[in-house]
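Common to both upcoming complexes is subunit A, partnered first by subunit B, then by subunit C.
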Partner chain A sequence: MAMSVFRFARRTWASADLEQIAPVPLPKMATPAVVLSSLVVVALLLFVSIGPLVWGQDPSQQWLSQISAGPSGPHSVRLIRDNGPWQPPVSEPPQSLVVHDANTEFVRLQWPQIEGVRRYRIYRASAHKAGLGLAIAETDKAYYQDQLQLSYQIYRYTIADADSGLLLLAREVRPEAAISLFEAQLQGLVPVGKSGRQAKWLEMPGHPLGTDALGRDILARLMAGGRTSLFVGVVAPLLYISFGCIFGAIAGLAGGWVDQVAMRFVDFVVALPFLLFMILFRVAFGIGPGENGIMPLIVAMLMLSWPGSARLIRGQVLALRGQAFVEAAKLAGVSTSRVILRHMLPNVLPMILVAFSFAIPQAIFTEAFLSFIGMGVSPPTTSWGALCNDGIKTLLSHPRQLLLPALFISVSVLAFNLLGDALRDATDRRAGVAKA
Partner chain B sequence: MCFLLLVAGQAWTQAVDADKAKVTLALATEPPTLNSAVATDTIASFILAHLMEGLLVYGPDGELAPGVALRWQLDADGAHFWLRDDARWSDGKPVTAHDFVFAWRHALNPKTASQYAFIFYPIKNAEAVNEGKLAPSELGVRAISDTELKVEFGSPCPYFLSLTAFMTFLPLREDVLAQWGGRYAADADKLTVNGPYLLTKWVHGAHLQLRKNPQYWHSASVRINEIDMPYITADPSSQFNLFRDQQIAMAPLDTGLLNEAVKRGFDIEYFHTGSLYFLEFNFREGRITANRAFRKAVQRLIDPAVLVNKIIGLPGIQPAYSLFPVTVKGLKRSFREEYPVLRVDPDIAAARAYIRKAKAELGISEIPPLMLLAGDSPRALQEAEYYQYLFKNGLGIELRIDQQVFKQRLEKMRRGDFDLVSAAWGPDYDDIMTFADLFASWNDNNRGRYNNALYDRWIRVAQNSNDPRTRFNAMAQIQRIVVDDVPILPTYENGALYVQNPRLRGVRRNIFGGDPLFRYAWIER
Partner chain C sequence: MLKFIAKRLLSGAITIWFIATATFFAMHAVPGDPLTQEKAMSPAVRAQLEARYGLDKPLIEQYQLFLGNMLQGDFGISFTQENRKVNDIISKHFPISAILGLAAVLIALVGGVAAGTVAAYYRNRWPDRLVMIGVIAAISVPGFVIAGLAQLIIVAMNNAAGKTLLPVAGWGSVNHIWVPALVLGLGTMAYLSRIMRASMLEVLNADFNTAAKAKGVHGLRLFWHHQLRNAVLPVVTELGPTIAGVTTGGFVVELIFAIPGLGRYFVQAVQQLDYTVIMGTTVFYGAFLVLVVVLVDISYGLIDPRIRLHGGGGR
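Here is the complex of A and B:
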């Protein structure tokens, strides 16, 4: 069979083939993940920047009358003047368990003296729960004033014989919302020192997410904490990625022994333990106890976290240096600065952006972790990590106090990570080819 | 399924085992040492109360009862003890008066460096021996025979009997101590005991086990055969989980665990630990806190009742207004019932007036930021943050919180590196003096260096008197000075909340002499 003379001729591409390959489709930037994560990031930034202005509550204000309270709206409370020791009025002893006064500052109970009972034990329980509840006190008198962390709910008090455990009397009590004069003065709701005509009722602000174990508004604290967390999360990576890029670029461009020395120094820094140095920096900076640890935290991250980005950029610069278009530019006599500006930077910039967006969640997490173990911010400043640390003590009884800041950390870390992923996909052309 | 049931069944019997008369517990930490001469902590005190027996012991109702001493006589100038002749060490040798003489001399030896040496000071020459000025043999304690011990006092000590139940007063064997030297009581096999229990196992950091001591003279009265402590954890949540799973028979409760325990229907018990928590001021040169008007302002600002009811919120913890907790004994009843303390009401207007006065006296226009030294427990931090807020809103003063672990805090207190410190004091012996002389100018534990000639004078009056009425009148003066001059601001009297297996009965919660005490406990079937 005769062979075609065109056997070795190059195959001509059909236009249909060309259409399949030639235009490498750029991944779309506006994927749902990117849009969603950017929206979340913007929402978080607005939450911590504009939020405190809108909400207007002081994150360190302790509402003593609303310790660990659930979500509540604005309400009015009665001003209580006397809450010292109490004795029932000397009159006929009551026939049953009577309530002399019931508000969230004190509940005053009196009951008839029962023969044969030496000591009474007083139990308090939430009215809609079964069981006796908590034994709050034992007394040998036939009255008692309960002041122990009362909240606005219906209680059931049970009086029992402390020796035999026999239940004697029980009664449900609904305390009225109240605030003591001392606290009202402390919070500035009532002028100090002026006695006489004072309002009987006071308006209290609401707490849509409730209050923590010291009566502080959780929403305000989440905003204030987010400020610290996001500040560290953005500023620290900005600093150390910039430094790493410059360092890596110099090493990559210079090459030779400069590169060797620089890279060995990078290896050395990688080997330094972060936590240990963080503690050392705190001491070295003379950060006394009770002062903020944010600056040493940022400095420690700057000094110890840059090698990753330095390595990345140095590798990229080395690769670019050997590329034909860079060599061509050099041969054409283009100055070094112009080569860097025109050819290197545009090729490196996407990587820097990606590294930055991945560094942010890492920094947020580092800050949270350090504050959680007590190495970060100190009160009254707070951060999401410090809020978690506060909340873990009341995890069993008030899980909200831990879960809310933990949720914010998770959401922000996830959002920044998704954003980083999307950015990487968008800028990585090889990945685009593989997908096509 | 079978396997699962088996495991569950086993777990059920582990907390208390009536057949074997065995109790399982968790320890908060390992005792640093079990050498009674140098031990200072409550864990060692708890273990030693089971391993050893002093001249006197605390009985089932918390009263002083005969221990190694069969009978005794206490005079103004000394004490005389007659020892039982059937008391035995765990190796069978008799417990003699010489063992006590040796132990006390050993504890006072400057080389031993016992932190509790001062507790011997009422004994004649004790202070001089401890400072190395006199030979240990000069100490005012003598073994007349194997079963007779005579103690001479340097100053009157009406509370000496309760001292003899304290762990530093426990006997020691000279030959055993010589055999092991510095490693004495560092392991289970390196000590000899004379109490109701033997230390049969000590895996460091993991496991301690006590078994009934057959050599103990009254071992027939000991009803629990074995106390097993296979868990060492300071975390109350872990201990609570172990209790919930029926792995241990007792567990302490913390704020966060209280509601959980109530929800599960456990019986919550509490007892007054006898210890006082307070804010101590620094009186060293140049400290703002040395100014009386400033301290009065703090006194009018911080209301112990608010702290206890709102911030701490645990039943059993009481607000403190006096240097002396309600557990301190008076003439016949509680000292506080006989000599009620003046309660200072909180008043922000008065507090601000005092601050203005303090500023004028000190000649400053602003009070600089002050340092509050606090412990590292969650409760201590919460308390500190509350003070921080009170100072800021009430007085316009910035308070910085210096949170330190226990050892570091003690060191900073010793150096005087604080303005205010939240401190605590647990009584060492059953007498009012254990609290009163704390702020005498010569006491090492007076960390703020409070120096008040009047205070010192009343302490001297009480120390040099054997008459209870004179002593308690002097103490009433001390109580008045503490309210009036505010060397410290009492905040609360601590109570411990705990849950206990209902079948375990007769466990004694003690202020003195080891807590909890299983010596008189039993298990109900």
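Here is the complex of A and C:
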């Protein structure tokens, strides 16, 4: 982890053969890989910026009847106003096991009184499983209302004699999707107060990617998580590369003892154990209630990740200082600031860009890693890494919950890496010569 | 040679001192302390515990005490694990991390060198493409995802076979090592094969390679003595930080595969602000890292006789 952050510092840069710039043609940038990864990056940015507006579901909204549900389209559900205690209508007793009403809020069963049975025991099982399933209740009446965590699947109910254990009646029931008035109001699907004339049916949005272990829409969470991941992935490198460049440039330009002291300091920061200090900084800056933990994360990355670019830029500045054209500019009486801005900066800028483009995937990785071990953003704020952390808990039963955020991390890291490669090839003139 | 080693070790000692000092003060700057727990503690009990662990002394005195003890190799007792010496925790759990890490490095080294060599030999043909695609995939997928996938595959395999071919998690037998080590080494393998490919390409185009071929050297001897030995040098340079990184950085893999390595205790200690364990593991890791880098520098000289280890040599 710690090593990889500074990996780019050890890449061999073509030492600036700057006199040769003009005659060497730049390698072609627009390879298929570059075009594709640019498109991927744009798509990802659209996904996290426009996506939530288009999709419009709240990523923290729980759908308790749909925990870890598979993908589903939009569907209409019945609005249940009254799910209180129930008694069957007083009329002819039924001939067999009768279902009065079945939806995911309640299943109402009635059966004929059977001679000699004092108490009935009701079993419920998923229809595709063998056996009686769960004994959900015992009653001395010949009817029962089941309200125990019903979900959208086929159930098999079995009525047995509680004393002798003799099985009496059985029946398969498919409850229809329903939502109680209370929950619908809680979710803002039905305005509170006007309980008089709502429709009997509600249009519910679907979950194209299913829901997570708390019944939240995965697609909406991926969009919200992507915002955090990409934000940290771009802003943190922007800050620490800028800081590193300024630090390295000052060291390189000043030279002498300033340079020596500055570089020893860089050595020490590099030697700090990355993970430990990352976590220490995170704990030290603290996350109060209601904070999302993104700022401490960025600050911690800024404080630990800048030395790589500082070394890189210092080396470049030192090399440039000895170059003939810089000497010539100085001799010609060009002011120091102009030498720096017009003669040196254009020569280090490509390198800064390349370092930046390689730092983005590294930062996305770092954020994902920290969130994965629970030291990243704090709930309810989420990120792709935090989603992976949630997903690994249900890995064996619902692999989708880990694989989807992992896919997004991998694809974005891959795209940024390919872009960085292309940018490096384009700026690395010696590589261009070798390939030509 | 001796002078070189002495010099490297000295600068390593200074680095460790710096890390220890920085960690010590950063750790104490964090609000709260290891005695702060959910359960409220009566002031008397707290005072007694503070006295026992020396937390009642001024910070600078605690620091002096810590440095003195550290020089004698004593890191004290853990705060959160009753009466366990930090040294015991390290000596019990580090070997597990080390075995896992070494297995991972071996897999990464062998796999990386082999893949890089194949890619260079078949440059721009399908074996090269295949290796490079694998490299990109291994670099782009986070380690914890690979670990999760590996577990899924093991479960599917065990289910298909109807018996336990490989354990899904845990520690204790040789079979517990393979999959976590492979997962841990995969990223490094990809990185090393990239370096190996570039360096092997350079060697294949080098004059001495052509000269050796012209002289009639061929087959294994050409590969072993002329190509591999030259091409593997950049890989060896990378090995030092890699060994240290893999041995100490296997925390996530240890977590997912439920392996009782030191990394888990380390992160746990940081989260609970267990001062003594944090300091012990940090200094230990630092010393380990310095040692490994020095060892790699020495082995570099052994592989490449052109490099004489002068005082300022090495990286």
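Everything below uses one rule, namely that the second predicted complex is superposed on the first by the 304 of 436 C-alpha atoms of A that agree within 3 Å, B and C clash if a C-alpha of one lies under 4 Å from a C-alpha of the other, contacts with A are read in each partner's own complex, and residues count from 1 in each chain.
Here is the rule we use: contacts are C-beta pairs under 8 Å (C-beta built on N, C-alpha and C of every residue); 3 or more make two chains touch, one makes a residue touch a chain.
Here the structure is a predicted model, which is why all the values come from computation and not from measurement.
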| item | value |
| --- | --- |
| Which superposed partner A:R174 touches (first subunit B, second subunit C, both, neither) | neither |
| Touched partner set for A:A406, first subunit B, second subunit C, both or neither | second |
| Touched partner set for A:R119, first subunit B, second subunit C, both or neither | neither |
| First, second, both or neither for A:L395, with subunit B first and subunit C second | both |
| Partner chain(s) touched by A:N417 [first = subunit B, second = subunit C, both, neither] | second |
| First (subunit B), second (subunit C), both or neither touched by A:R81 | neither |
| Partner chain in contact with A:F182 - subunit B first, subunit C second, else both or neither | first |
| Which superposed partner A:I136 touches (first subunit B, second subunit C, both, neither) | first |
| First, second, both or neither for A:F372, with subunit B first and subunit C second | second |
| Intersection of the subunit A residues that touch subunit B with those that touch subunit C | 395-396 |
| Touching residues (chain side subunit B, partner subunit A) in the complex | 237, 254-260, 262-263, 265, 268, 303, 305-306, 309-311, 313, 315, 343, 345-346, 348-349, 352, 371-372, 376, 378, 381-382, 384-386, 388-390, 392-394, 400-404 |
| Sites on subunit C touched by subunit A in the complex | 15, 18-19, 22-23, 26-27, 29-31, 136-137, 139-145, 148, 151-152, 155, 187, 191, 241-242, 244-245, 248-249, 251-252, 255-256, 266-267, 270-271, 273, 278, 282, 285-286 |
| Touch list for subunit A against partner subunit B, complex | 60-62, 64-65, 67, 83-85, 125, 129, 131, 133-137, 147-149, 180, 182-183, 185-188, 192-193, 213-215, 288-291, 374, 378-380, 393-397 |
| Sites on subunit A touched by subunit C in the complex | 1-4, 7, 267-268, 271-273, 275-277, 279-281, 283-284, 286, 361, 365, 368-369, 372-373, 375, 385, 388, 391-392, 395-396, 399, 402-403, 406, 409-411, 413-414, 417-418 |
